[in-house]
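Structures given as structure tokens follow.
Shared chain: subunit A. Partners: subunit B in the first complex, subunit C in the second.
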Partner chain A sequence: MATILKRDIPYVLILFFGVVMAITFFLKIPLLSEFAVEAQRLLVPISSAAFVVGGVSLLLYHAARVQRRTKDWQLSVVSIAVFFIFLVTSLAPGIEKIHTVAYTTIVGMVTEAMWGLIALFMVSMALRAFRVKNLETFLFTLSCVIVLIGNAPVGESAFPVAPPVLKWLMDIPTMAGMRAMTIGLGLGIIAYGIRVMWGYERAVIGEVRREAS
Partner chain B sequence: MLKKLSKDPRWLYVLFLIGIMIPLVKPIGLPMGISDNTRKVYDALKSVPADGLVFLSPDFAVENRGELQAMLVVIFKTLLPMGVKIVSAGFYGVSSAMLMDEAMNTVGLANYGKKYGVDFVNLGYLPGEETTIAALGADVHALVKVDYYNKPISDLPLMSRFRRAGDVNLVISLAAGNEYPEKWIRQWQVKYGTKITGGAVAMIYPALLGYVASGQLQGYLDSSRGAAEFEILTGNPGAAVVTMDAQSIGHIIAILAIVLCNLSYILKKESRT
Partner chain C sequence: MMISGRVSALALFLILIAIVMYLTYQGIKGKKFVLKRSLPAINAIPEAIGRAVEMGRPVHFTPGQEEIGGSRGTQTQMGLVIGSYVTRLCAKIGEKISWSVAGDIFPIAQEIYAQSFIAEGHLDAKVDVRFFPRGAGPFGAGCIETMSTEKSATNIMFGGFGSEFPIMAEGGARVGAFQIGGCSNPTMTPLVVAACDYSAISEEVFVAGAILSENTVQLAGIVALDICKAIIVCLIILGSLLSTVGIKTLIEILKI
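Entry: the complex of A and B
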């Protein structure tokens, strides 16, 4: 009975929804199309409910850390406090503005600062990593320099030949590589979808593959 | 000196920070060419008839504000005087709807004689990613009941003419990940033939060029550079144009770092031999 509930029913549902959604994407069958729209609409409240599960899971994790006084447990206290501050300010009527201001000025600034730091690391990396040792590293460094020159207005003014070369780099070799990746990825997704529908991928129903472990 | 710089790059960090800060405070105003892709985006926007409907999707979060917010603002500034109606919703995260709200306040609907609910509606954040995009295309009113400000969409006059994907003339997706334009292509362009354009962060821009070449995307703006080109093209110079000078200095310093790196490598190699 447990196997039916935990494995067989989820697989039957996956196969059913997978086949129906695939059919309705390519064919217009009124009854199936209506069903597909209803199923898609159902996913929005399910996705919203996932936020609740995520929030509860986060709270339980940090509460356990505080209770056990594990390393840096004080940070968990901060996490819990911030969680409730954002929860209350977003749900309580009339103070939504506080939530928006807090989000954009705290979360926004912190995440933007994190992204800004990448620029410094890239300069540092340019100083250490772009060493021309052979033909491959020469081509890699050359293409990097062309991209840097071609994308900046100063490079465009100083080296008018850079933008057309950059355009060629983007339109021919880069696009060829990206197309190969996109097509490969698409085929991989189709193969993965078929494996999921036929029950070869057990991770989707929470079963860890024994052979992997 | 090179050895010292290689071991302790903090001097380079200081040089880099000073270099990019100067043009931010006092812009140089270097001339800039307009790329074909930016022109395609411009043409796509201008092809929307007056009184047409555009779906504007800020598919990015606060961490991408530096690259995409200026783009969102200039697109908004371009669409409003055209008389085009705009509906917006974010699928990337909660902050995407906030950023749309921020852009609306920056531009100011009243400055263009427009009214919320009549000319523009912000539906807020819609969770569920690609499935929600598909469901939105099939039946908007079955999926969304209230807007970002908790107003019932049945009370907003603009929403009476937006019921399904077929009502939209153009989708503009400003994306932090290439999967977002791809989702729009799969669920709206392939299914309903809706035109799609937008802009992306520099990291994912090359991944979208194939879709531009195939005609599935009507051009795409390349990060701050694309936004700056679009600002110049539309005669709305703003934040993106200012950042271009800083980007120039940043790129010069990066090239100098590459030259120094190779000089140090050659000198080290020679001293060994």
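Entry: the complex of A and C
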């Protein structure tokens, strides 16, 4: 019974919805198209259910940290408190305004501050990426420098050759590379979809292959 | 009945399915498929885990923060496939691994983590899957926090990444982690290649699951994929040549 619920029924559903979605992509059948739209709406409540599991896990994780008094456990107390404040203010009727104000004044500010800190990581990452180690990284760095100069306001006056080189780079090699990757991506998704519908890829329903590792 | 502009796509789709079915039939009959290419990013995973064991530090894995039904959801699903392989390898040699996930894949990630340990005989393993909020900033910061507090020796990232990728990759680099990345998002591909020690791009991410399985039927799908790619390359070359001499017939046919 457990196998039927955990494996067989999900596969029947995957096969059914996969075939319906494929048909509605190529053929114009009003009834099927309406059904496909409704089916896609089902994703919203299913996804929402996952957030409940995520919220419970988050609480358990921080509760364990507080109980064990691990390093910086006080931050876990703040996390738990904020979790409940936002849960109550968003669910309780009549106090939606508190939720909105708390969101814009606390979450908005904290997010902005965090992006400010993360910006340093982005810059550091860019410097690491531009380090020339071999021919590929040299070409990558060279392209980046040309794109930077070509897009900078001073670039055209300082290096008149940069904008046409930039245009050529973007229109020919970049476009060719992007199209090649997009075609490969599309074919990869189709091949993967066929494997899922035939039941060979099981991770999508949380099942792990037993035969090989 | 047919949606305009999708007839040639349907034809290619049917050709791909026909080739997959034919090669699958051959595989079931006993024919062995040998792939002429290998994926360095996948081959490097055991080495990366071995490095973590030698250093006595854990492995960090993330399939990204994309929703499973979102535009890059298939890449997230492939991330889960590779995650199950990585987790099983870790479970086999008793190495600690933590996952960072966001959104609706959390329950699936938990199940895969637990099942991977159970498959290797660890029935009471603690599931170390961390749930972070969606969004490049919060998710990237969560991954940085996990890697920096645990001093991860290896950071494996496979999924549909956006702007959180450079944040995670920098977090991994700062703790000296050996990094393996895979992403099919064309805008993130240069960063994946630049930031990781080994990388998988474009359809390499999607063939990884089949290569890991070593299953004949799945390998047949990869051979079919390569045949279709060859057909498309031929069509592009033929189309370019015909257009150059002023014949637009092929382009008109593909537009149907």
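Details
Convention: the second predicted complex is superposed on the first by the 140 of 213 C-alpha atoms of A that agree within 3 Å, B and C clash if a C-alpha of one lies under 4 Å from a C-alpha of the other, contacts with A are read in each partner's own complex, and residues count from 1 in each chain.
One rule holds for everything that comes next: a contact is a pair of C-beta atoms (placed from the backbone, for glycine too) under 8 Å apart; a residue touches a chain by one contact, two chains touch by 3 or more.
It should be emphasised that the depicted structure is a prediction, and the values quoted were computed from it without experimental measurement.
Of the two partner chains, subunit C is the only one touched by A:Ala203; subunit B is not. Shared-chain residue A:Thr182: touches subunit B and subunit C both.
Of the two partner chains, both subunit B and subunit C are touched by A:Phe51. Once chain A of one complex is fitted onto chain A of the other, the partner contacts of A:Ile118 are limited to subunit C, with no touch recorded for subunit B. After overlaying the two complexes on the shared chain, residue contacts for A:Pro163 are found with subunit B alone; subunit C is out of touch. In the superposition on chain A, A:Ala64 makes contact with neither subunit B nor subunit C. In the superposition on chain A, A:Asp171 makes contact with subunit B only, while subunit C stays out of contact range. Contact with subunit B, but none with subunit C, is seen for A:Val132 once the two complexes are overlaid on the shared chain.
In the superposed model, A:Gly155 makes contact with subunit B only, not with subunit C.
Touching of subunit A by both subunit B and subunit C, each in its own complex, is seen for residues 25, 40, 43, 46-47, 50-51, 111, 114-115, 122, 124, 126, 128-130, 178, 181-182. The part of subunit A that touches subunit B in the complex is made up of residues 25, 37, 40-41, 43-44, 46-48, 50-51, 100, 103-104, 107-108, 111-112, 114-116, 119-120, 122-124, 126-133, 141, 144-145, 148-149, 151-157, 163, 167, 170-171, 174-175, 178-179, 181-182. Listing the residues of subunit A that touch subunit C in their complex gives 22, 25-29, 40, 43, 46-47, 50-51, 53-55, 57-58, 61, 111, 114-115, 117-118, 121-122, 124-126, 128-130, 136-137, 140, 177-178, 180-185, 187-196, 198, 200-201, 203-213.
Partner subunit A is touched in their complex by these residues of subunit C: 1-3, 6, 9-10, 13, 16-17, 20, 67-69, 74, 77-78, 80-81, 83-85, 88-89, 92, 103-108, 110-112, 115-116, 119-120, 129-131, 135, 137-138, 140-141, 144, 166-167, 169-171, 173-174, 184, 186, 189-191, 193-195, 201-207, 209-210, 212-215, 217-218, 221-222, 224-225, 228-229, 232. By the touch criterion stated above, subunit B contacts subunit A in their complex at residues 5-6, 9, 12-13, 16-17, 20, 30-33, 35, 61-66, 94-95, 98, 101-102, 126-129, 131-132, 134-135, 138-139, 142-143, 191, 206-207, 209-210, 213, 225, 244-245, 247-255, 257-258, 260-262, 265.
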